[in-house]
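Have a look at these structures, which come just after this line.
First chain A sits with chain B, and in the next complex the same chain sits with chain C.
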Partner chain A sequence: MGSIPVDFFIDRFPLYLEGAGTTFTITVLGTALAFVLAMVIGVLGTLRNPVARGVASFYTETFRGIAALVLMFWMAFSIPQITPYELDVTFAAVLALGLNVGAYGAEVVRASINAVPKAQTEATIALNMTWARRMRLVILPQAWAQMLPTFGNLVIELMKASAIVSLIGVTDLTQVARLQGQASGQTILAFGSALVMYFVIAQVLIVGVRLLERRANRRLGRTPPAGGGLLALLRPPTVGATATGGAR
Partner chain B sequence: MMWDWEFTAVVVPRLLDGLVITVLATLIGYLVALALGLAVAIVRRVRIIGPIVHAVMEFIRTTPLLVQLLFVFFLAPSGMTALTVGITVLGVHYAAYTAEVYRSGIEGVAKGQWEACRALSLPPLRVWGAVILPQAIRKVIPALGNYLIAMFKDTPLLYAITVQEMMFHASGLGGQYFRNFEAITLVGLLFVLVSVPSAILIRRLERRYAAV
Partner chain C sequence: MPLSDTTGAPGPEAAGGPLIRFEKVVKRYGDNVVLRELDFEVAAGERVTLIGPSGSGKTTILRLLMTLETVNDGVIWVNGDSLSHMERNGKLVPANEAHLRRVRKKIGMVFQQFNLFPNMSVRKNITEGPVHTLGVSKEEANQRAEDLLELVGLKAKIDAHPTQLSGGQQQRVAIARALAMRPEILLLDEVTSALDPELVAGVLDVLRDVAQTTDITMLCVTHEMGFARDVSHRVLMFDAGRIAEEGTPEQIFGDPREERTRTFLKAVLETG
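Showing the complex of A and B:
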């Protein structure tokens, strides 16, 4: 009896691994798109120009307001109907996830840039730096360290949200679980295995972001939080700051 | 291919039916998340049980809601309706988030408050009920509000377990009439119509409580 669940998973491990690969790819591509959008829109939101700020807030309000699932269905099923073009389902999924999470990220970027002490900006003005130089050398490196923990949460959110791609027929981890559940009749085991694999992917992503955080803090001359080693990466770094994050 | 108004007239009443289910699931699920999250945040401080509860919640927090829904949907006894499963899973999933919010609020209460309780030898019920929680919860109200909107936007996932919310009707009618464009666009519009005003309302709340 006890060995049956394990057998179920071991027999299908290659299939699950393939599904996990698709999930991971969609997560990485979606994160890349979300990151670029978040940076551009976030910086636009910090400008004085009212048009730039208007564009930024229109984007964030709209895409934070619509569920990623609705956006994805719209791209996959409505676009072929109103235009002669058809989006590849995976591409539609990446686009929907990227646009959605990018809107949350933009708010994080805007808030982090605004949180850099005013004296830093004043100093760059006194040094006669251009806007681009000030951003690149002074403001962004400090804002970067601030935004990374929240970005980490957003990457996990995106990874979790990527499960919806199974509803438009992409063979990701969830879809593999669904198919294996139907084929074997062991739905509980099938979805249970998928849950465990999602958890593992999340832990990998968490460790990756923590490594980035350490590097960002070191470059600013801040010492990493107490305790080294790999295990310390799994523990939350500081109290309270990351959990609520203002992201969702 | 232009906008089809006749089809719109067919879709809108059904979508509004779906919206009622969506709002219902959100509100009840939110109540579950608020209550369970608070319980988890308090139990987390208990010695042996605390870390176990924390680990379970961490697992729930880092795995997709959709897979959890399917998992419980197939696990649930046949007497349980899809909507009940949906509300329960939604509530428990978000309890993992609200527990973290409560925790940050509880940890934000000054140490002197705990010491004062001990000095007065207050019973635990009064420590939590009269001293710690009133201070902790007040600070986290805006953060909790954000999760109401997040939950609202996760309700279309219930469509995967055949709950008759908006997306369910949109997808059904869209397939029946071969017109997905109007159906899905209308769902998107309804979402923005509900979630943007609520976001503005919550931001106003945030400003009010931040001032205290």
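Showing the complex of A and C:
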């Protein structure tokens, strides 16, 4: 084989890079939508108001149960038939992925808020804080550190699921691989290169989330063990058990 | 340094109605009746210690006053306002959040487990309440934090993180945090129970200071009988959701009338 794999990849690198850029963009936009939905719906799910809780559980149950792929097809091809509007296919993909992953994220937000010790809420009541201030100043900053590891997984899931856009003609990483495979007949190399690039994007996302995790833990007074560095960010963090409270 | 907005120095015998009044208060958790038609009053400026075996309802009384729980029956009055109801168009209706926030303004609480906010420095723990709920300026809140940390002997720790403090230091910060809200009523819920023995004295000294230098009304649940004797005007002995005996510290600790009080004090003093 010699240098054939390397040559194949180097020749087509700009194309792959462009595809990876599209994948990355869809991932970032989908994540942004999923994040907003997860926060809003997740917080609604923690309220005592039955209407708020009903809206939250309707959303999560509906969009967890719908395949993102089918939702994307429906939005891209059915909406133009039933309305005078046509959705940009990339936008349809972002919407489908965001709605789908947002439903999982909302459960993470809800569970993380509920996992903040009740004593913290009681302390905010003793300081006569309003619900909004309690959430913003005390509960969400503490829940945030809990959410991040699972959010990291969801972002990577979303990135991988973004390959569905190749089915509606968007030239993402998967589409580039398929076209190059067909054109060159080198299927193994064409898809192998895409696999490597997906892996690299995932590592970039992981490092990003781990940096946020470190920052969140530091704010809670939990310091990571010494010997950190870029490589250490690729390993799951080991801090988290040194919360406050309790006598010493 | 004025720690409370209460003016003058009304002692326990002060004229006017009681600051706190429990009227036939019933609190149940499922089938477990914690408070049975409890009646008692606390005057402004009075320092009352609640003693009794665990499960006798002492902590529940503080939690009801802080509006962390609601009564099943009866009424709790704070300065003439009910904690469960409010008046609207001449009718009594269930209290809403705005009403509760108005009543709560007068009350502060220190918890057994400190409950400092781990996402904030010591300074922020103390200033967030005054800034966000009392509308005090940042400068004023900072000044209060510095003064109060001086009082509790932790001025050097103002920018430390709660995790960098010992349990006793955390509890002293929690006391400063409660006082920064300038409450008329301070509720102390077993504030030394979670501490190592050698850290207890520091916290109690701070509270003795607060008792001596301010006229804050205090309700204190504690097993520290020496502290109760030193600071309180009145001691209430609870048993099974009722007041078994009440009196001055001298009387309760020196010459308890009820057998239940005697056995309880004997047990506490032996283990303590």
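Here, the second predicted complex is superposed on the first by the 234 of 248 C-alpha atoms of A that agree within 3 Å, B and C clash if a C-alpha of one lies under 4 Å from a C-alpha of the other, contacts with A are read in each partner's own complex, and residues count from 1 in each chain.
Note that a contact is a pair of C-beta atoms (placed from the backbone, for glycine too) under 8 Å apart; a residue touches a chain by one contact, two chains touch by 3 or more.
It should be emphasised that the depicted structure is a prediction, and the values quoted were computed from it without experimental measurement.
By the touch criterion stated above, A:123 is placed in contact with chain C alone, chain B being left untouched.
Legend: residue contacts after superposition of the two complexes on their common chain; A:51 is shown touching neither chain B nor chain C. In the superposition on chain A, contact of A:69 is made with chain B only, not with chain C.
Of the two partners chain B and chain C, more chain A residues are in touch with B.
Shared contact residues on chain A (touching chain B in one structure, chain C in the other): 243-244, 246, 248. Those residues of chain A whose C-beta lies close enough to touch chain B in the complex are 61-62, 64-71, 73-74, 77-78, 81-82, 156, 159-164, 166-167, 173-174, 177-178, 181, 187-188, 191-192, 194-195, 198-199, 202-203, 206, 239-240, 243-244, 246, 248. Looking at the complex, you find that chain B touches chain A at residues 1, 59, 62-68, 70-71, 74-75, 97, 100-101, 103-104, 107-108, 140, 143, 146-147, 150, 153-157, 159-160, 167, 170-171, 174, 179-181, 184-185, 187-188, 191-192, 195-196, 199. Considering their complex, residues 119-120, 122-123, 125-131, 133, 137-138, 141-142, 219-222, 242-248 of chain A touch chain C.
Residues of chain C that touch chain A in their complex: 66-68, 97, 101, 104-105, 107-109, 111, 113-120, 128-129, 132-133, 161-164, 166-168, 170, 177-178, 181, 194-196, 199.
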